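A, B, C, D and E are the chain letters, set down in written order, and residue numbers restart from 1 in every chain.
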């Protein structure tokens, strides 16, 4: 049984369909990266999985099976027991995710007290331990968030997510707001932590480079749908969806001799209208007529899949050839 | 600390200007209040010039230069001496304020605090159950009551509860045959007399706090840190109180301090309707009798009250908001 | 080749109060560089290294504490004396966040018309035509579809084009672009960068391109200036600097770029330290894995390491003779 | 409820006596000094005067003095009542009287009636006190007779009687201070009072009277007061109808309130115009609607009727016959050469006639009166702007003569001399811009001044009556002011427990509890 | 024009504020068509005094014999005009001082903020009463003046901080680069983005002006000969209306004041949407 099994999940904000019939599974110990342009519905997916959507956001349909139980139909009071002990999150901007009027220590202790209360000294130890783990001097435990730099806050958010050693962590762009050097540092930090804690994760980012580095598998999201899922290495070497291909071209190898960044012309579609056909078709360099009319369901087979008429064609051709 | 010192200096400056304004105001007004006062001291016959002079001296009506008067005024203030009241001569302004202040401080002080506390709690609760029937009922009822003219509501309350049904006394601060003191029956009587005015003030002021807190709370609930707290699986109570409400209340503290400061001025219109022996009634009497030493004295008390309350608010803000306490805050 | 802009030992400090005591922040320290006409120069550095400060000093938004800024051979202070409008016209700016740089209530037409009306005194038909032309220049076509839109109706990339069109409108000679793509999706970045390149080659505009992204700097710029804590640590030909960085800090920047192609995991060589004291010595020494005795004693000067490639690091100095004492 | 005055002091078998008279809002101050304008009114039951003089009819009742005599227009002798003692047991003597007056001389701030402006000396001689005058001033008798007398034994030790608050008053009066709180003071019968046998009311409660009239009306309506001095709209409905058997009112008229016109300004400097005003204004409506009908129409002579009926020259009144008659007013106006223009405005030599009428803020009845006057004059083509300045602005405008038209209180005095003197004497006027004492309309007439002088020196009643008749003629002919209505002495009382209240048929005292002679009422009241 | 209309759109879209707009609209119509709606002139005092409600006098008559219903209808004019005029004046002064103070940091700002602080500390109602009591002439202008003097500071403070935050926006800097003058920047770049705050300030000021005016008039510090809801309360109170059983006379004006205040508070619910171009455009 997969740790997390998302089935036909659809999420809306009023008339905006931000996540459209998304299905994916996540195995224990696996890190699934989710990439896509801004507004493609990555955060929405993350919030929906944890049932943390803010109004007017609402799950329209679908199931989110966590260890076999459907979180969508679980009562909030029952869900509360699973929160943080089994599923925790790192929010898009760690800066605003910390309560500005509570010390760092308080924010750790809140979580501990709510789920696994222990003695004061044990708690103190634990906080210090967690801070050290993300290379922050434990002295900072008694500081307030505004007294720390952005990078520190982000690392604290990560430590906070790990404090109860959950099975699943949702990372929503944990590095986006930071500059390259800090970003790099956090990614390395995460890798170490993963080897220590063996958590599974949904790693959301628009930075394909980072995702490819950290994730076992990568899901590419476009206009609320997954267009391609593949193990990282495979995605890097043989992207199937034209969107994935285009996206990869935006990340040149910094060491190569000639650097040429190729963008994707055009803009992502308006999510408040549902159009027939492939959402990427208007920007696709390999568009065919049927792309404009026939939509294609994404099917995940053995942890991989692609939603492209073109990809289907090549597959067919191969079989015949 | 630095922040407090700066705020302190600002408030002292403010105090100085308010006191100066207080000095100038009656002197800039048209008409001659001193003459009106003199008329009050006149009998039916025509007073002799010595008598007039003697009365003027006794009331401290002065023909000295403005600047000299100003200096004297400051000297008096430092001695906590605001002169004699015209209306209550020979009693001093200080004496009259001493008489009225405790009533106002207790009645208006307690109701202001109650109003803030209840209003804030209702606001938190309404935001928490946002969209529910109870939320919309409570919020719209309070929106309506907060637009009540205080005095109008007070008059209706008096008529219904103190006259038609005779449940409560219609006026005064305590039973008239009681002598003020620290005994149970007196306190009980004072409380009994204060219920109607308190309710009036509460009903018409709750809405403001409720609405404000509800707004703040709703936006706080949308903050990332509250969503994260929910993700942490914290108990609802902790989430509502120490995460959302704790942050949402901060912007209201200054307003609360201001209104605490204004407690000193009493609720003029309500006190008037209930003939409550507080600062509001005293001020109204001072104004209608053009007793400007008394007026100035009361005004000064109010300004001092507000300035002090503001300072306390700063301290409270510093205590509650680490961003102000430990630098980093932009102010 | 003639230089259009020259900075000579420009310094700027800010003071900030933390926990009651005042702290000096050296946002720019004796920064010197020269920008050639119709070149693109990239100013690279991590957050807080002083990139925006230099942009503000050049555009005249802030005053330098010391040093000179020369534009077309005339000092900025000379320009300020009565010719500020002309200076403004010649030195324009593109902001980092296209969502913030446009008034949400003004249409594209109004926004672009302002410099045209103010600097070029255009009206009526000619104004309209010029706005159309500018929109074409920035590839916002068909023009009529965009001209009367409000910012919220446009995507980030389109907004950044409007911002660029506004900057070009006054026919400036120099445009300072402060991280013009860092807020945009990777897929859109390339087009904006290409637009800058195009403006340089077709309109002859000189650019100072500010970024923390070494890759885009290398792709777009002719020269790169690397800034660390207000100090220029390395400068030179873009390709040389980005491909073969000499300063340990530039190396760090390069290593930080996520690189899924990299065959083996390169451990991060350098730690992050949030504060260094500002008393003498190399600014980078606390984070530098190669820090030597000498690094604590003096500030390394920019010296030629290769042709067209200068670095301020004792590792590349022949001797301590070139050490400058502050 | 209307169970009568039960709220307080229902001690034992004594029926309660609760008086709603003394304002002191919001709270009383503990001040019993009878010379202080801010003393609690209860002092009038403690300190007594030589004579009691009724404010309306001038009826004199010997009190601490048994008799008086004018030895000459400049010398007056009072004979002191024997057997009176102060409430601390010391006997009351002529020395106390002389001491009291000499104290007023020493501390002029206490001499609010200005008796020492005419007195030369006051001395005790045996059981008499002799008052010597600087100048003859017969009317000053009233002020002397009504000065409260205080015990020398106590007041001679008071350092500054001006600021003295007399917290434990010792007087000769019928009552003693029993208790005091800022919300209520209680008087109890003085067992050693010199006419103790006549006093039947054991205690009197004085609860604070609210500034807010509605509170008083509620209490009145509920029957919380035995007697009150309160204005109330529709007293019949609010008060009497709730218990018509026992509840009564007697609103004795007092001095006339006057419409003042600035006689230094056009058109008021023209007698014909003023006469026209007297016809043009619907004075009965002002009295009945503006003043709720409580304040009866005033005589154009200015005399307070019916108290001054004896002075009234009925033939003179019939001869002038002022009444509401717009046609007559229009005729008088056109006789002045004023004509209406096409817009219906009355035009004078300087354009349409318009002026401002000021009424002090908060005087709601007067504001209503002004509205009536405004509409009356509008009908004649005269524009009146009504403004409501603050009281002090109003007073100062009157004093300096910077007004066109206003309403002003009359003097509540039994003796018409005081009334005419204050309103018509040149000495009480002043040039515009300077403060006038009381002649705000600035009337000046040598003949009138002479008449007033003669009166002050005369001790003959016939001569006095004759002078008053001549002044009445001036009032009717010259119309220096237009008397509008008599201010009322508000008085409500409940005779469920006590009877013997003064009323129109038995006006032995004017029941306005601020007056010194009101103590007399308590020698008449008896339990039912 | 379309943009003006568009700006008003949020008021109609939000359910609460739509209620407010409708209520306010009814009151405004009542004021405009007072002569048509009211059966009598409010100054007509020819009826018997203190009549109870009846078909010819829906709410009875006053002590002076005026028709209460007619007074109520006509009274809306004065209450609306004074409320809005005072609200407008206070907002205008607050906006002006807030703009100048927020846009010109340094000495000017220091001085103006200091004044704002002083006026914030000075208690409103007592000062209002004192000013009004001393004024030589009482009338609507006095009330508007007094409310403005005591009420501008709050708005000035809020608007000032908004201006100083808007001033540092990139698009303001950009306008400076585009060569726009200070005045133009203030009016084209800063002001329009403050519309919703200005509107909120205005609505708040109008509510307190309406209540303040009623309070002053109730104390007799207005011009009692003018017909307004506040003066109606003054006369009702001075005539012991409740004791005389004239319920409607006292109840109706206070109720309408509360209704008017509520309508403005409700309208305020939509103010946030006003500055939102998304809603504006589709208008």
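We adopt the following convention: a contact is a pair of C-beta atoms (placed from the backbone, for glycine too) under 8 Å apart; a residue touches a chain by one contact, two chains touch by 3 or more.
From a predicted model like this one, the values you see are computed outputs, not experimental measurements.
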Least hop count linking subunit A to subunit D through chains in contact: 2
Required steps from subunit A to subunit E (each step between touching chains, minimum): 2
Far-end chain from subunit C, centres as C-alpha averages: D
Distance from subunit D to subunit C - Cα centre to Cα centre, in angstrom: 90
For subunit B paired with subunit E, centre-to-centre distance based on mean C-alpha positions, whole Å: 23
Intercentroid distance (Cα basis), subunit B paired with subunit A, Å: 54
Length of the line joining the C-alpha centres of subunit B and subunit D, rounded to whole Å: 39
Multi-chain contact residues (two or more partners), subunit B: 29-31, 155, 159, 163, 272, 284, 288, 290, 326-328
Per-residue overlap in subunit D, given as positions that touch at least 2 other chains: 214, 218, 221, 362, 389-390, 392-393
In subunit A, residues with contacts to at least two other chains: none
Residues of subunit E that touch subunit C when the two form their complex: 169-171, 173-180, 188-189, 192-193, 275, 277-278, 280-281
Subunit A partner contacts - residues on subunit C that touch it in the complex: 46-47, 155-158, 185-191, 193-194, 212-216, 218-219, 242-243, 252-261, 267-268, 272, 274
Complex contacts: residues of subunit B adjacent to subunit A: 222-225, 227-235, 238, 242-243, 246-247, 250, 320-323, 326-329
Contact footprint of subunit E on subunit C as seen in their complex: 59, 61, 85, 88-89, 92-93, 95-97, 100-106, 111, 114-115, 118-119, 150-153, 163, 166-167, 169-170
Residues on subunit A engaged by subunit C in the complex (per definition of touch): 37-38, 135, 149-152, 178-185, 187-188, 206-210, 212-213, 232, 236, 246-247, 250-255, 257, 259-265, 267-268
